[in-house]
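The following blocks contain the structures, represented as structure tokens.
Next come two complexes, and both contain chain A; in the first it sits with chain B, in the second with chain C.
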Partner chain A sequence: MFRSQQLALRYFAAAMTLFGIMIVAGLLASTHYVQDGFMLNKLDFSITKTLHIDTMIIWLLMGFIGAVYWFLPIELEREVEGIKLAEIMFWIFCAAVAVVAAVFIFVQYGPATEMSLWFINQGRKYVEAPRWAAIGITLVVLVFVYNVVATALKAKKITGIVGVLMVDLIPLFGLYLIAFPSITNMSEDQYWWWWLVHLWVEATWEILIGCIMALALMQLLGTNRRIVETWLYIEVALVLGTGILGLGHHYFWIGTPSYWLGIGGFFSALEPLPLLGMVVHAVYDAGTHRMKTTNKPAFFWVMAEAFGNFIGGGVFGFMMTLPQINLFTHGTQWTVSHGHFAFWGAYGCGIIAVIYLALQKARDAQQLDSTAWKWSFALLNLGMVGMVGALLVSGIAQAFYERAMGGSTLQAFMEAQTNVWFVQGIVMRLVFGLVFAVGYVILIVDLLAIGRKRVATENFKARAAGGPA
Partner chain B sequence: MIAEDPAFWRAGAISSTLVMLVVLGFLTVDSLATIRPGGANVPAYTVINKEIRYEFDVESNRYRPVIGAEQLLFGRNYSAQEAEETMRLGKLVIQSRNCMNCHTFFGNGAYYAPDLTKAWLDPAWQQMWMPMTQSSTREDAMAIFLMNPEKFPTWSRQMPNLNITRKEAEALVAYLKWMSAVETNGFPIHFGHIQTNR
Partner chain C sequence: MSAAQMICTALLLGLFVLLAGCFGVLYCLGRLHADDKLGRAAAFAYLLQGITTVLLAMTALDFWWKALLLASFVAYLPIPPLTWRLLENLYKPGEQHS
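Here is the complex of A and B:
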């Protein structure tokens, strides 16, 4: 195994740990909704919410970085250039995340000064990390970019996938710089903030996971490189062709000109197209190989990624993206429903698939299979679909009672929050969140055990005896 | 067949990306001019010295902010420089207290607490908080509430005490007043024009 692949396994371990913290923070934030006064003035909703979404961003980012460190030496047939520096940055990254989490929990907020933004909390959703930590993340990403580019140059080999990856890393780094300034004008602040959030999540990250899935499919199913690279280019053309101006669906109501209503609505409506393409691609590949694989969990998680990305990101996004509908759904639990489904489908499932792929190689298992992965797969996806459905019910109630009927005032907001359909949805979200948490625990148990020699031997003996594997 | 050649699709990917980036560049230049303070959609910060309303405009078929006559804030008339400094402080309060992870601004943020886009215009300040805080003005009631939210519980969900000082609270109220005057293409629809009673 290459050193960069050992580093990848460390990144996966850190990602899975943060995934767990994200779930705990999510359950606490859900409890805030269900029980009034929960942890008031001790651990308020704003803190649990911040922890929930920031750990999500970081575990996904760590998963992406780990996946690239895993596949890069295979793709370029050599060790990653500057691996020592990459190993150091991993520990700096982990230390920075731990310190920021501790500051969020124990310090929480400060006075209205620049010092608070530098050392406590920047107070901008998704990029709350104080500036010193944001500099740390920038350095980690810079070293990551250097590793990829320098390795490709040293190998004198730039495959189609590595080429797309290298170009994609430029906006991945460049857009993050928007995390730093504090702009007084809220309209302008949100204008640039959406460049970071949308162009990361709905463009740069989509391309990144596209590259990772392309590499995964070649390893998992032995798919022909020519087919994989053709699909990747089509995906890039469609994702960026629709997604760059799809940015407009965030510019409906922030003070920006009204032409964004038309532009944002039109291009957002096209955004599901590349995601549908990925489903076709995945189903085609699976059919070609008659669903036969040596790594069932990775195979099923790849399928979950394709369908989850399309339904969660594409269909659920389209459902609320036209301005005529968004006027009522914007800023309600409807958005939360879409957000959960999209992040899970597009990115969470893909990273879990890559981890299973990596473990198969790392543990030298001919066949990777277990009973536990099926349980975790079922419970995690059931938990997620349940949360998404419950939040949608709450969101619809909120859109009707607060926005359409109530006129969005403080009183209308609170009346919607106490509406029986809203409350039922929000309670069921917590219930399905617990189901999701159980699925997570089984996933971790499985990741620790699956494919290890002892288990593999037992499976082999069971098969030889004619019993269930 | 040309479509079977990956190079064809690579060229398609590069060209569609570049075209869209150029279009986004032009639209960004125009949008930034429109949303600068004093631009077509975003008022100058000194709008805090004026009365602000939110009324239905038949011609555009949506609700729009309307700037009225002089209406002092905290009994003061802010100069351009004072207004800008106040807005700067107000925005720092919003960021340092992590407001966006409970509330939304222009509908963006978390969804645990009310949207604050037009909060300045909310009838509840006059109907509920002015009597509760024994204040004679809306801005005073808002400032007192923000400094001591636990003393004025209204609905079942409460706001935490974030140790907001009087100066910070006044800047925050001024910020919310300015924000209510931003042209938001009709969002939120008919804000404050419906009395709910269910």
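Here is the complex of A and C:
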């Protein structure tokens, strides 16, 4: 195994740890909705929500980075250039995340000064990490970009996938720089902030996971390079064609010119079209391989990714993307429902699939299968579908009673919070959140154990025969 | 747009895309298994999407959104067969490692 693949395994371990912290923070945040005064002045909703969202971003980012470090030496047939630096950066990344989490939990907030921006919280949703940590993350991403580009140049081999990846890393790095400015004009700040959030999530991350899935499919199903690369180019064209100006659906109500209503609505309406193509491809692949593979968990998680992306991003997104509907739904639990499903479908499932693939190789298992992965697959997806369904009910109640009927007044907001549909949805979200958490525990148990048994048995046989273990 | 109209329209929009997905999946399964019943089910899903488009045309959405939905409805029709054809061309015998 290459050193970068060992580093990838460490990234996966860190990602799964943060995935767990994200779930705990999510459960605490959802308990805040159910029980008034829960951990009041100790760990308020604002903190648990920040932890939940930020760990989600970081575990996915670590998963992506890990996946690239795993596949890159296979793709370019050499060790990653600057691997020592990458290893150092991993520990810096982990230390920064731990310190930031500790500051969020124990310090929580500070005075409205530059010091707070630098050492406590930048105050911008999704990228709350204080400035010193944001600089650290920038350095990690910069080293990551260097690793990929330098390895390709040293190998004198730029495959189609690596070429797309290299180009994609430029905006991945560049857009993160938007995390830094502290613009005092709210509209202007939101305008640029959405570049970071939307163009990461609905453009650069989509391309990144597309590259990762292309590499994964070659390993998982032995798919021909020409097929995955052709498909990747088509996906890149369609996703960027619809996704970049789909950014406009975030500009409806933040004080930007009204032409964004038309631009945002139009391109957002086109966004489900490429997702349908991906679903067709997934069904085709599953059918032509007759669901036969040496790595069932990875295969099923890849399928879940295609369908989850379509339903979470496409169906749930399209419900509320046209301006006339979005006027009532934005910022309600309806949006939260879409966000949960889309992130899970588009990225979470894909990362888990790659981890199973990596474990199969790392543990030298011919076949990777178990009972536990089926339980975790079922419970995680059931938990997610239950959560987004419950949040949808709450969101519909909010949009109906608070926005459309109540006219978005403070009184209407408070009344909607006690509406029976809203409350029941919020309670059910917590219940299904617990189901999701159980699925996570089983997933971790399975990841620790799967594929080891065969290796252990062979080691025992080798020792019994007097050979090397 | 009234509160009830807003909810109905939003749910119809979700149904619109969901039915497109059903059409795509059933079309694929029909071709994979060479099963006419699945092919007819795909056509039925597309028909239901058409009915959803008609219902959306009766909502309080602005004219241009309705026109866009109609254009989308038409655009969804060739996606599964075109994707299928592209995949078949890409996966011609001898192109697979496994």
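Basically, the second predicted complex is superposed on the first by the 452 of 469 C-alpha atoms of A that agree within 3 Å, B and C clash if a C-alpha of one lies under 4 Å from a C-alpha of the other, contacts with A are read in each partner's own complex, and residues count from 1 in each chain.
One rule holds in what follows: contacts are C-beta pairs under 8 Å (C-beta built on N, C-alpha and C of every residue); 3 or more make two chains touch, one makes a residue touch a chain.
Remember, it's a predicted structure, so these values are computed and weren't measured experimentally.
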item	value
Room on chain A for both chain B and chain C (clash or fit)	fit
Between chain B and chain C, more extensive residue contact with chain A	B
First, second, both or neither for A:G287, with chain B first and chain C second	second
Contacts of A:F328 with chain B and chain C, given as first, second, both or neither	both
Cα-centre angle that chain B and chain C span when viewed from chain A, reported as a multiple of 10 degrees	90
Touched partner set for A:A269, first chain B, second chain C, both or neither	second
Partner chain in contact with A:M405 - chain B first, chain C second, else both or neither	both
Partner chain(s) touched by A:T223 [first = chain B, second = chain C, both, neither]	second
Smallest distance from any CA atom of chain C to any CA atom of chain B, in Å, after fitting	7
Footprint overlap on chain A, comparing chain B with chain C	226, 230, 234, 328, 401, 404-405
Contact footprint of chain C on chain A as seen in their complex	221-224, 226-227, 230-231, 234, 262, 265-266, 269-270, 272-273, 276-277, 279-281, 283-284, 287-288, 310-311, 314-316, 318-322, 324-325, 328-329, 396, 399-401, 404-405
Residue ranges of chain A touching chain B (in the complex, touch as defined)	32-33, 36-37, 40-41, 44-47, 49-50, 108-114, 116-117, 120-125, 128, 160, 182-191, 193, 226, 229-230, 233-234, 236-237, 240-241, 244-245, 247, 250-261, 263, 323, 327-328, 330-333, 335-336, 401, 403-415, 417-418
Chain A-facing residues of chain C, complex	1-3, 6-7, 9-11, 13-14, 16-18, 20-21, 24-25, 27-29, 32-33, 60-62, 64-65, 68-69, 72, 75-76, 79-80, 83-84, 86-87, 90-91, 95-98
Chain A partner contacts - residues on chain B that touch it in the complex	4, 6, 9-10, 12-13, 16-17, 20-21, 23-24, 27-28, 30-32, 34-37, 40-42, 84, 87-89, 91-102, 104-115, 117-119, 122-124, 150, 154-158, 160-162, 165, 168, 171, 179, 182-194, 196, 198
